[in-house]
Amino acid sequence: MEAFSDGVLAVAITIMVLALRPPDGNTFTDLWNAAGAGFLINALSFAYVGIYWNNHHHIFQLVDRVNGAVLWANLHLLFWLVLIPFSTEWMERSHLAVAPTMTYAANLLLAAIAYWILETTIRRIPGEGQILANAVGVDKKAIASIILYALAIVVAPLSTAVSIALLVATAVLWLVPDRRIERYIESNPGSADFGERA
Amino acid sequence: MEAFSDGVLAVAITIMVLALRPPDGNTFTDLWNAAGAGFLINALSFAYVGIYWNNHHHIFQLVDRVNGAVLWANLHLLFWLVLIPFSTEWMERSHLAVAPTMTYAANLLLAAIAYWILETTIRRIPGEGQILANAVGVDKKAIASIILYALAIVVAPLSTAVSIALLVATAVLWLVPDRRIERYIESNPGSADFGERA
Amino acid sequence: MEAFSDGVLAVAITIMVLALRPPDGNTFTDLWNAAGAGFLINALSFAYVGIYWNNHHHIFQLVDRVNGAVLWANLHLLFWLVLIPFSTEWMERSHLAVAPTMTYAANLLLAAIAYWILETTIRRIPGEGQILANAVGVDKKAIASIILYALAIVVAPLSTAVSIALLVATAVLWLVPDRRIERYIESNPGSADFGERA
Amino acid sequence: MEAFSDGVLAVAITIMVLALRPPDGNTFTDLWNAAGAGFLINALSFAYVGIYWNNHHHIFQLVDRVNGAVLWANLHLLFWLVLIPFSTEWMERSHLAVAPTMTYAANLLLAAIAYWILETTIRRIPGEGQILANAVGVDKKAIASIILYALAIVVAPLSTAVSIALLVATAVLWLVPDRRIERYIESNPGSADFGERA
């Protein structure tokens, strides 16, 4: 399952760059006008997909066998992540207008909810799930993200700048490495399967 | 073989989103007009590719060695699955006209037949194939899908709405988890290779 | 190395479909005019990439360790395979004109030569390479392909139909399963690594 | 982590070909005008991504476990590599104008710096990192590349031909196989994990 998910995320993160169109002119000014804002939004979306990949990888370190419910929860998460290049492109082209910014934040919100559902589905696997539950406890970061994304949607009609600042803040929250699972594995050496290797 | 198939399916599922073009305007109305119907059809196609990936993964859990015939049967299935983004896009753009809907249903029908051929080819592998035959028996779901897709083609000239309802029904049929292989593995612990892990 | 090659081939085989553009109209006639010839050429290119993937997979079954020369020979092969969607698209759009057909055949010729170089490079690995040399002997099929592709280039200015017939014939030559490596593995059970599994 | 990185690089190397648009006409002159320069630049970019994949693969042969810092250093490298198709396309379309050439060289410079950061981050892993440090020593090639790319940027406003010559020279520097890691593994048989296999 990780091979397929890795594949989907790898494609999603790479095709985002297809939305960046090279400028018609040949100067740096042309480059900035055509792709400047897009570059920054792309970097943000790249970071988000990277964060999800990282978290996804960490969760499945602790899980050895999955059931059908986990497969579908995983596909549900991938569905929203695959739409990120689309909402990123609309936001770029509109130069951060209100509706596209709200749509982008909504896309991230739905991905965050899907991630929370996936985590919950895994916790319910008898035996396997308990390890994740022990390692992570209540996932405060996931809940904080959901709240911050919802806030970014509500705030966008007032100020897209504040909305985007909230989205950047959420990314930073996740960029700070989460040592919970690594710590758990270190103190429980037998708990991780070989998936943890490079 | 699974790595390659996973890769193809991962790309197919992700490039579907490239057919969704962000609207030229910056309002939610623009978004709905440009991508509303497309979003729903994409979700359906995403579910189909997800279902095939899921089934594909389950089948190959039970098979350890493959022969040349299985390799070609697998490529044949991938061929039809790779065309799904194309027929999805035509259906989207035509706003569910008759010929595109029939083409979409025909694409799904041909993929279902290819899947049935793949399953049959695997069953014929001496030794290995017998395990799958024991686990699945006659694949009633695969046969039901073929009939439902054929019906969706026939019905489309009369009503594309009924045709699409049949396609959605087939997806739902598969979304209900298929416990046959999982059950078989549980009661025959030595029958699955390591591919079953997450 | 196989994971990367599988990934490249999976993307190459899938993005070919991006060259097939859905028609503007909504009838089967529109579909045929817009994508009919393209569909057939795409099927041929799909078969070619599938054949290379299959052969690639078979070769690396017999090889356990690779050196730098093999890495570059492999990248060289991937380079020509990755160009197949491009030459396929030109051939499609030109409705099988002379120069695009010659370019397509040249692309296949260069891939065949690259494959032959890769095979030769692997044979030269001390120890490992000997196994492949024993299993395959002189690769008559690879040499026949090179001659047939060269012939298809030469013949194209006289008749593109004959040229395409030669290309189809070469594909059929490879679609007939090559039992050499399978036979060798069966009679030398310890010679294949785990890569042979599904 | 390698599966994801392999996937991203496989997609990046393959979508470069999407920038090559088939010509509107059907002659070899049309092909040359539309895609001649693009073909050469694409070959260069293909070689670069191939080089990074090769080096990436070699480094991770020596590393068994990674930490959060390595994950982010790796994503940072992938970010710049994923932009190569974009800067390649601009350079192609501009027929090697100054600003696009400088942008292309800057993209390669930032990727080289990211690679150097990744290497440094890995060296700092307690235990694991020491193996890499022993095998590679001070990475003179990486430092030479950074200097050559910086030079290519500075020189471009005077002569894009010299600038491109410097970029080609850097590629050639890497194409010469780097025996350091292979030598280290040979003389320290237990130091490489199974990732070294084909």
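Just so it is clear, A, B, C and D label the chains in written order, and each chain counts residues from 1 on its own.
Operating definition for what follows: a residue touches a chain if its C-beta (ideal position, glycine included) is under 8 Å from a C-beta of that chain, and two chains touch if they have at least 3 such contacts.
All values derive from a computational prediction rather than experimental measurement.
Look at the CA centroids: the one farthest from the centroid of chain C belongs to A. Fitting chain A to chain B on Cα positions gives a rotation angle of 90°, stated in steps of 5. Both copies, chain B and chain C, contribute mostly unmatched positions to the interface they share, with under half of the numbers common to the two. Per-chain CA centroids place chain A at a distance of 26 Å from chain D. Per-chain CA centroids place chain B at a distance of 36 Å from chain D.
Contact of a single residue of chain D with at least two other chains is seen at positions 2-3, 6-7, 10-11, 15, 18.
Residues of chain B that touch chain A in their complex: 2-3, 6-7, 9-11, 13-18, 20, 22-23, 26-28, 30-31, 35, 43, 46-47, 50, 53-54, 57, 175, 177-179, 182, 196-198. Taken together, the chain A residues at the contact with chain B in this complex read 1-4, 6-8, 10-12, 15, 18, 60, 63-72, 75, 78-79, 82-83, 85-86, 89-90, 93-94, 97-100, 103, 193, 195.
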